[in-house]
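Input: structures, listed below.
Same chain, two partners: chain A is paired with chain B first, then with chain C.
What follows is the complex of A and B.
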């Protein structure tokens, strides 16, 4: 990856370069305008909402400074929910990488039925997360659910465990489902990364006497590092803001014990009618994710030059 | 050539907005919560009938699940796109009114039109002396029992809370059945508690403070916990929503549930072989039930208020009103409908309607959704066995008092 500034200052540009630069700016302009409209305007609206008095039905009133942020900071439910969001993100992202990476390594090797295996691993990507969550809700629902029927078939004595009734069980299942949902996309990225590793390097390592573990440790993983970072960045942003699985399975309950920031944000806005605080929380989350993403992007650059 | 292009371009620019606005003299958007699968087809049909009588008018119907209705309405309003007409829960009316989003109907509704309604139902939609909506739906809650299960278990008729507990225990002792359906997940977890709270003589709010720490509230919470501890409810109420409990009842797996009248048409259609009876809630100190009303409101920002108002009146024609109330299992809001033999002779509906005489309503206070959520959390921690009834109720009351004290 290139880094650093151009050796020529803008003052030193010759005519052709200047024309190229203008063409470039012209080409970028539509995307820049669309980005500004799509991304910047909602953020500016959010900023306005977060510093204004807002009625339950979204009417924006007087400017109230940081009062919404202060009220948000005083919310007793928030520290627990923020911690749980961290646990959710770390567990889902780590679980996803731990499953997707070996899966990609296996799928990258030639074996009988590889095409079918690739299809089976990647097909769930085509199914919407919401549909998956609805299916799992039914599967875990009650004694007639698929999981309990399976448990009954293989002879468990109590087949009527209510998987979504207790706090720890339901949150664990939600993490597990989120991992399963995230694996196909991450596997695709890893497969793309593996296909970019030149085969002659692999041959050279084999000729140099490197075993499978050695090749993985000193060749494959270092070359795959930028792709691991890409998977990390995408998954951290996506998983932190992942709403449907938790909402459909438990709506953040029982007793808010499976709420993460994004589900609590929805409740703040549309259940409690605290739209100002919801806007403030949106901005806090946006900034938090922005900082984490920038930090991870810097890590990619470092890993490139390592 | 350029001249021709310019002329054509100008003509196109002029004709485009004319074409859009000229097609419909009036464009009305109507939103409603979804009572059942009947709601949308019924409203669509009524709209088409109205359009046929009023050429040039287009009524756009939007039927939204109740779960996401508040989100939809909030998004519409904050985006400056409030629907012309909307059926909303009564508890939203005061908030909508304080934002001046509702058109007062005093000048529009003639005394003759107002006299169509049962007077009591006009009261919840009246704020500061102004009529801000028309009663669109009314219901009261009651108890429904599976008479086959109760008779097989030799259970007593659950007329009191003590006999309900006894009946639920006996039904639960039958194979593969549960005694009492207690939803502990998603909507109305707190509502199911208020039935007991009121029955035991408690109040949700008393003298501007929470009534949950009162001995009556703790007795009501203890009654539910004893049902859970005796395994007389479905296992783990926190895993079952209201709809899950109703589904089990339709399957003939639950002996006793508390429900709304809209369940009756569903029982007739989805469980025709189920033998059931509608009864008043068990009595502890006095008979109680919850009354719920929804109102039809007119937007103050509507560009076609007169046509919207005409459509609103059209929906209250006897033919449409009777069809809507009966198919949705709602109680009548008009005098003529209440007088019809359907409501007098139908024992199911009559049992629900009887509760209107002593029905209680949710308090209309600022912060109600949070108060409701605090109660739900307290009940869920109690149902999970993490708190005793006294701990859960006392803690909830403290949090509710904080919400009530907020400026």
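What follows is the complex of A and C.
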């Protein structure tokens, strides 16, 4: 990856090393303190809640050890929800990459109206997921829904399908919407990656007789690998925790069958008032995501980014 | 429609929260980004990995702890709580973004100022900062849009409709209602989308370029 060589030289002269160190700490302190506070205090509070008897309203009582974790592990709804979260994350992330990568490849070459195309593809990123979800709920609603009305205009006789009525159908729609929502940002990152490939390399490959597919396979994709990791880093967490789409379309229902861990966590905490178990689930999920993050950073390091 | 749905108030709330977040997070992140770009120190590589890794820390996972923290501070149902949390969560991304920009500014300019006898603080104030103003604008825009669109924390922390931000208002107009007044809802959606779309229109090129810089591509 290209880097400005400027980062390698340093302003500091030897005699000023100590003073430099103080300046460095001073400059980093605000960000470090803010980040530490926002990450550590909630985690400590969660730890305390997870090992305490706790009332519906958040009043913290006696120490009860791991009882909350055990109750959580015995929750019959949880295994399905965990599996569904895996399905959700893998489908959405894979779908996003499968759409964003070709889109970026197309947008990277000049054609008439490219500016407009780029704007149309990237602009949805700026719109809130909440708004999008609400519009989709409207579009997929029964009788008066836009999709059904469209179908009847085209000529289907009985268009009153309740798109969000069947669980598997509504979960599939939620996955589709989630993909659409994550495509723009991922496309930008891929575009950035593509613009890092020097054009003379491209020309050389063409002169050497590489076809479009060969070029993609042996030149473009390997050079894009670090960017694929960055897209994964940004997307996995975002998607695992993507809340508004499911919340607004189905609230995880009926009977938890469109719940993923994060919506279930929210319900445990704020609908069912099972705060202790919710705190335990939060901690388990944090650990899981932490492990995934470390693994991904390792992979990135290996593909030489950072 | 504006009065019937309190959209005016929500728009004002959203703008207040988003602008405060943009200013606060960028100001907090600026010095650290500069330091990470310009200083040589042990653990620099680790620092930038922590920075990238912390993008994975999503507020919603901590939402229960955060709401306890906020109620402990007596800030439940205030817009201030949102500003504080949004800003804090935005800091790692802002540092990451700004650092990319600083990396792209040739250090020779600063070295020249140093040879002319300027102190380090002086260099930061009158050389580095003016050069990084475009970066500051882009980073602040990212923070603005993120805060303007945030849903979960607002849903958890806000109670009274007078404090609702736009996404919350949009949700409140539809959620749990038997008969939803769709024209009102679509009006609300439009109002929640237009400001950010306008900003995105104006800033698109810079935001894309900004991301490229932060990814190490100039």
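Before moving on, here are some points about what is shown:
By definition in this document, the second predicted complex is superposed on the first by the 282 of 306 C-alpha atoms of A that agree within 3 Å, B and C clash if a C-alpha of one lies under 4 Å from a C-alpha of the other, contacts with A are read in each partner's own complex, and residues count from 1 in each chain.
Note that in this section a contact is a pair of C-beta atoms (placed from the backbone, for glycine too) under 8 Å apart; a residue touches a chain by one contact, two chains touch by 3 or more.
What you are looking at is a predicted structure, and each value in this text was computed from that prediction instead of being measured.
By the document's definition of touching, of the two partners only chain C reaches A:131; chain B does not.
Residue contacts after overlaying the shared chain place A:301 against chain C, while chain B stays out of touching range.
Of the two partner chains placed by the overlay, chain B and chain C both lie in contact with A:58. In the superposition on chain A, contact of A:275 is made with both chain B and chain C. In the superposition on chain A, A:195 contacts chain C only, with no contact to chain B. In the overlay built on the shared chain, the residue A:95 is in contact with neither chain B nor chain C. One of chain B and chain C touches more residues of chain A, and that partner is C. Residues 58, 266, 269-270, 275 of chain A contact both chain B in one complex and chain C in the other.
Residues of chain A touching chain C in their complex: 1-4, 6-7, 9-12, 20-21, 23-24, 26-28, 30-32, 34-35, 37-39, 41-46, 49, 58, 118-119, 122-123, 125-131, 134-135, 137-138, 144, 188-189, 191-193, 195-196, 227, 230, 233-234, 236-238, 240-241, 243-244, 248, 262, 265-266, 269-270, 275, 278-279, 282, 285-286, 289, 292-294, 297, 300-301, 305-306. Remark: chain A residues 55-60, 141-142, 160, 162-167, 250-251, 253-256, 266-267, 269-273, 275 touch chain B in the complex. Within the complex formed with chain A, the residues of chain C that make contact are 28-29, 31-32, 34-41, 45, 48-49, 52-58, 60-66, 68-69, 71, 85, 87-89, 91-92, 95, 103-108, 110-111, 114, 120, 123, 145, 148-149, 151-152, 156, 166-167, 170-171, 174-175, 182, 185-186, 189, 192-193, 196-197, 199-201, 204, 207-208, 211-212, 215-218. Chain contact summary for the complex, chain B toward chain A: residues 68, 70-71, 73-75, 77-79, 95-96, 98-99, 101, 184-186, 234-240, 244, 248, 369-370, 373, 376-377, 380-381, 383-384, 386.
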